[in-house]
Amino acid sequence: MVIVIKPHASKQRIEELIYDIENNGIAVERVVGSDYTILGLVGDTSKIDIDRMRVNEIVHKVMRIQEPFKRANRLFHPKSSSIKVGDREFGGGKIGVIAGPCSVESEEQIVTIAKKVKEAGASFLRGGAFKPRTSPYSFQGLGYEGLEMLKIAKQETGLPIVSEILSENMVERFARDVDVIQVGARNMQNFMLLKELGKTRKPILLKRGLSATIEEWLMSAEYIMSEGNNNIILCERGIRTFEKYTRNTLDISAVPAIKRMSHLPIIVDPSHATGMGWMVMPMARAAVASGADGIMIEVHNDPEHALSDGNQSITPIEFNELMNSLRIISGAVGRSI
Amino acid sequence: MVIVIKPHASKQRIEELIYDIENNGIAVERVVGSDYTILGLVGDTSKIDIDRMRVNEIVHKVMRIQEPFKRANRLFHPKSSSIKVGDREFGGGKIGVIAGPCSVESEEQIVTIAKKVKEAGASFLRGGAFKPRTSPYSFQGLGYEGLEMLKIAKQETGLPIVSEILSENMVERFARDVDVIQVGARNMQNFMLLKELGKTRKPILLKRGLSATIEEWLMSAEYIMSEGNNNIILCERGIRTFEKYTRNTLDISAVPAIKRMSHLPIIVDPSHATGMGWMVMPMARAAVASGADGIMIEVHNDPEHALSDGNQSITPIEFNELMNSLRIISGAVGRSI
Amino acid sequence: MVIVIKPHASKQRIEELIYDIENNGIAVERVVGSDYTILGLVGDTSKIDIDRMRVNEIVHKVMRIQEPFKRANRLFHPKSSSIKVGDREFGGGKIGVIAGPCSVESEEQIVTIAKKVKEAGASFLRGGAFKPRTSPYSFQGLGYEGLEMLKIAKQETGLPIVSEILSENMVERFARDVDVIQVGARNMQNFMLLKELGKTRKPILLKRGLSATIEEWLMSAEYIMSEGNNNIILCERGIRTFEKYTRNTLDISAVPAIKRMSHLPIIVDPSHATGMGWMVMPMARAAVASGADGIMIEVHNDPEHALSDGNQSITPIEFNELMNSLRIISGAVGRSI
Amino acid sequence: MVIVIKPHASKQRIEELIYDIENNGIAVERVVGSDYTILGLVGDTSKIDIDRMRVNEIVHKVMRIQEPFKRANRLFHPKSSSIKVGDREFGGGKIGVIAGPCSVESEEQIVTIAKKVKEAGASFLRGGAFKPRTSPYSFQGLGYEGLEMLKIAKQETGLPIVSEILSENMVERFARDVDVIQVGARNMQNFMLLKELGKTRKPILLKRGLSATIEEWLMSAEYIMSEGNNNIILCERGIRTFEKYTRNTLDISAVPAIKRMSHLPIIVDPSHATGMGWMVMPMARAAVASGADGIMIEVHNDPEHALSDGNQSITPIEFNELMNSLRIISGAVGRSI
């Protein structure tokens, strides 16, 4: 940590501050400039509260040197992590493809779509049983009944299932029934839920919050990891910006950024990001070209009659076409699909 | 709802769409222009899924006419609501002032501060027992022990207490021990929590999410109200923007906007919004001048040694000075404090 | 245009409004709902000021049906435009690659880099002679002397040159000396400059403003086109968001959006968007995969000693490696490079 | 400046970097930590290019200690500046009030409004002669003819006039005819214009760009000041955020921020920020309560028939009512109006 002292700060106040810091077992080195004095803190500064430093009236600026996330930090784990889900994985040479409808609507619907996406090459099935909806008057999902339908679709196709959790009270059931537990954007900082998920050893798909910085997102991964569960797959799904044409702005640059900052795998969800089916294909291609470890695509056999978010789904035929182009693109970046 | 049909759409497809809509008991009127055809839907369109309309390939645009929130809508409740908390209220002629430390740290600390803020004119005591922190390694609050200390401070001063809840599993205890239950920005769309709070009749202080639009914020109020609890106080606390100098950008214009759209009272928290103690006073004054029904201010007797967010607290002396200026300003906008 | 009238508006006021509108030669059709009345305007509504409608106190909402841009609108020009620059083009089957240093620093520098990027397959040379810098104390470019050096590099390599203009007073000289005139993000709404450029017939590279919506960007293209110059190449270069890790957020979804809304070609500049050299390659690949008609890449032989923006440049060796992967990716989306 | 060196950087590379820096006449002090090494640079670091430092591959982070603006910096001019305009001023004890229509439409219109706003207590008259409009098809203002009408209104009322400039070619004429030259948000980084204005000694009203950080805004002031003109009045007018309800988000916290960082006066324009007349009064009150040195308000005698932005204007009667409340509020913050 580096602390910059304001010009004209009294010597006594500076000495008091240094004394305070050294009391925490940290060495302080001083660099005296013409206007400002700089204090370099050497040692384990994790106990130093950066906000408490800032409030000191002789302090001009404080700069953290180390990132606040540890277990998620590539600095301490230079090798990329690969998260295993049965005999599949995220973060290895093969790009993971999760596909399926926004919501589970009926056994027939989910089984039909599961078969179609498997045929086109998907490796995981997605389907929402509990839907977090902005309006209390919108369809909220089929609940546990939906989970049961997903399990049938898994039995029929062998595809591991990915579904979103909404509460720490659902963790036990999800840990039993689902292969990858998804934490939605709105719950990225639901810390009670994160801690509970940290106590399981299930793979967690952690979506980026709508206005979460990359650092905050990694701090949420850190919450889960600090409880002992390192099986985290990050998922970029668009951030909120001033642009109104797309629902959100898909931040593809988060892919190389995460790759540099962390060892965790990262996938991209172009369906929720853009909110428009016709934009899914180009953005999925961009995601794979940028180095993403996987994609998550909403596929619906009848988008016009989907119970939620039909607007952003593509058809199985389009999905098949997309997969064909992704095979070429993944080759260009040293991966396969 | 107004649906604009694309140029060159086939007559048959238009007829099919109209047939579909009329099947929901809604009348459709047509306006045929040179390029576009406009469909005006008359009747209860709340059953029409706007996303399903958009995905229809003959549809160019869809415009909702009515706001999606009902119980929170001023259109249906022209009179401003006043939320009673014991013998005090938010939304009446008197501006509600909530003050206290970010976190409860000890009985002595909270009782001392409670007495000071009461003396200066505060009408409510705030204090965090459960702290949602970005880092799992930061101080997480004293938990239920903190709630007990708040109760002691209430006994000593008579000030009703406001404290933040983190989970639906805490609702029973908070409903018993706390006077106003605060839902933090990160939980604004924790719908499981909102629904549970809707089943109580406690006043809920609903903070705006960091990147929530005003409409989404009102929809979260609607979640609570749809379960039967109308005792909601909205709290603007800054939104996330590109500006880095302040922690968030306090959106004061949300005050007149909420006043126009909804009958619910709105207060402002300048402490969390700006993150800097020296900015609290001017922004609190701006909030009251803009017509806010109350303010929430972090006050700490020793900001440099606060266990959390000391940086944004003001001292009891500064709080007293602030209250003096607010007395004049509230008079200029037809209120008292 | 659709105008929604507030509930309880007096009949007389509605009649007056309709009379006003019809006076402009526009037919008005009425749809009367239970709460709201909807007016559908049929005819050329371009003379109707949407803001003037909104200010009318009986008006609840106004919705424009047609996009405000005309010449740039794909609706009226379904075929994609290809912009010719000598024997090359943007918007055809071949992806245009502009490469070169941020600033022209010396004849030797620009000629050396020009040769290297040509060798690797670049089709255009970029180089800044006039640099818009945030600080008046930063290097402002070599000015017209820099332009002369660019001309020498063109003579040596045959690469057409792209350079940024800062003022309407420079139009004449740029039109003579430069092959593609670049309008920077900060000048996207410098309407005096746009109008002047509209009077030439030179290809204009119009960068998106830092906080410009896609619609505003197309309106700036419209400014140039309304003066008669249709030779416009749009360039996405990142938008300003809350994320601090990257300098800007590259909005790749602007590529498919522009393709749908407009017939104009669009290219992507990943160097300025991200501000970090190591992010240029993945983002350039993403851009081509998303369907961009070209890319603009900063290449510097010695990034550590560049006079401006060295941080975001890649070396000629990296550029060569990038081009190799782009050859495969462009094939996957039906293009060549 | 503080430079943090990555862990495992070779000693030789560190020595080379230090040698490079010391060659610029700057002393370097080292703090060696367990993982990172910190270099503290002592001396005039304004010649050190922070971007060039960042591109060095052994560098982890670079932190500037001093703000990049000098002449605008309060550190070097602790006393607040007051900008004189004839016998009036911005930045003194009296709050400056600029009022008038968005556009000058006719001599009668501007003279009528000028008289009304003067009567209500305005100290300056605003009126647009050259209007920067998003669409080339919108009314672009009366041009120099409009300036002449403003001069007549000044003659009739004695109110100094404020009007917006669009190009460096207009500087001579504006310097002669106008009392305060306004630089609009879109031209905040039109550096050619800023430099030209720096050569005059006229008061410049510098609006904040739609997505300009406070620091960038002060850097634009620095451009003007670096040419010798210190007569700058800053004007906050809303920033672009994700919120769609208001046109822009008025960033009132910019007022105390500017007051702390700079000695220049700051005023607020609530009309353009919100885009809705009914929001102007509460936001103007908030601005004055927050400590602004002035406000700029659009007043139109007939908002429904205004040629531009009628939507955001208030009537002379409302303006009068606003002024009455501002008299009380300004007293609460130690000012008069």
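The letters A, B, C and D name the chains in turn, as written, and every chain counts its residues from 1.
The rule is simple: a residue touches a chain if its C-beta (ideal position, glycine included) is under 8 Å from a C-beta of that chain, and two chains touch if they have at least 3 such contacts.
From a predicted model like this one, the values you see are computed outputs, not experimental measurements.
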| item | value |
| --- | --- |
| Other chains in touch with both chain A and chain B | C, D |
| Greatest separation from chain B - chain, by CA centre | C |
| Inter-centroid spacing, chain D versus chain A (mean Cα positions, whole Å) | 38 |
| Distance between the centres, which are taken as Cα means, of chain D and chain B, whole angstrom | 31 |
| Where chain A touches two or more other chains, by residue | 211, 240-242, 244 |
| Touch list for chain C against partner chain D, complex | 46, 49, 51-52, 54-56, 68, 132-137, 166-169, 186-187, 189-192, 195, 210-211, 216, 219, 222-223, 226, 240, 277, 303-311, 313 |
| Touch list for chain C against partner chain B, complex | 2, 4, 7, 29, 31-36, 38, 40-43, 60-61, 63, 65-66, 75, 211, 240-242, 244 |
| Contact footprint of chain A on chain C as seen in their complex | 211, 213-215, 239, 241-246, 249-253, 255-257, 260, 273-274, 278-279, 282-283, 285-291, 325, 328-329, 331-333 |
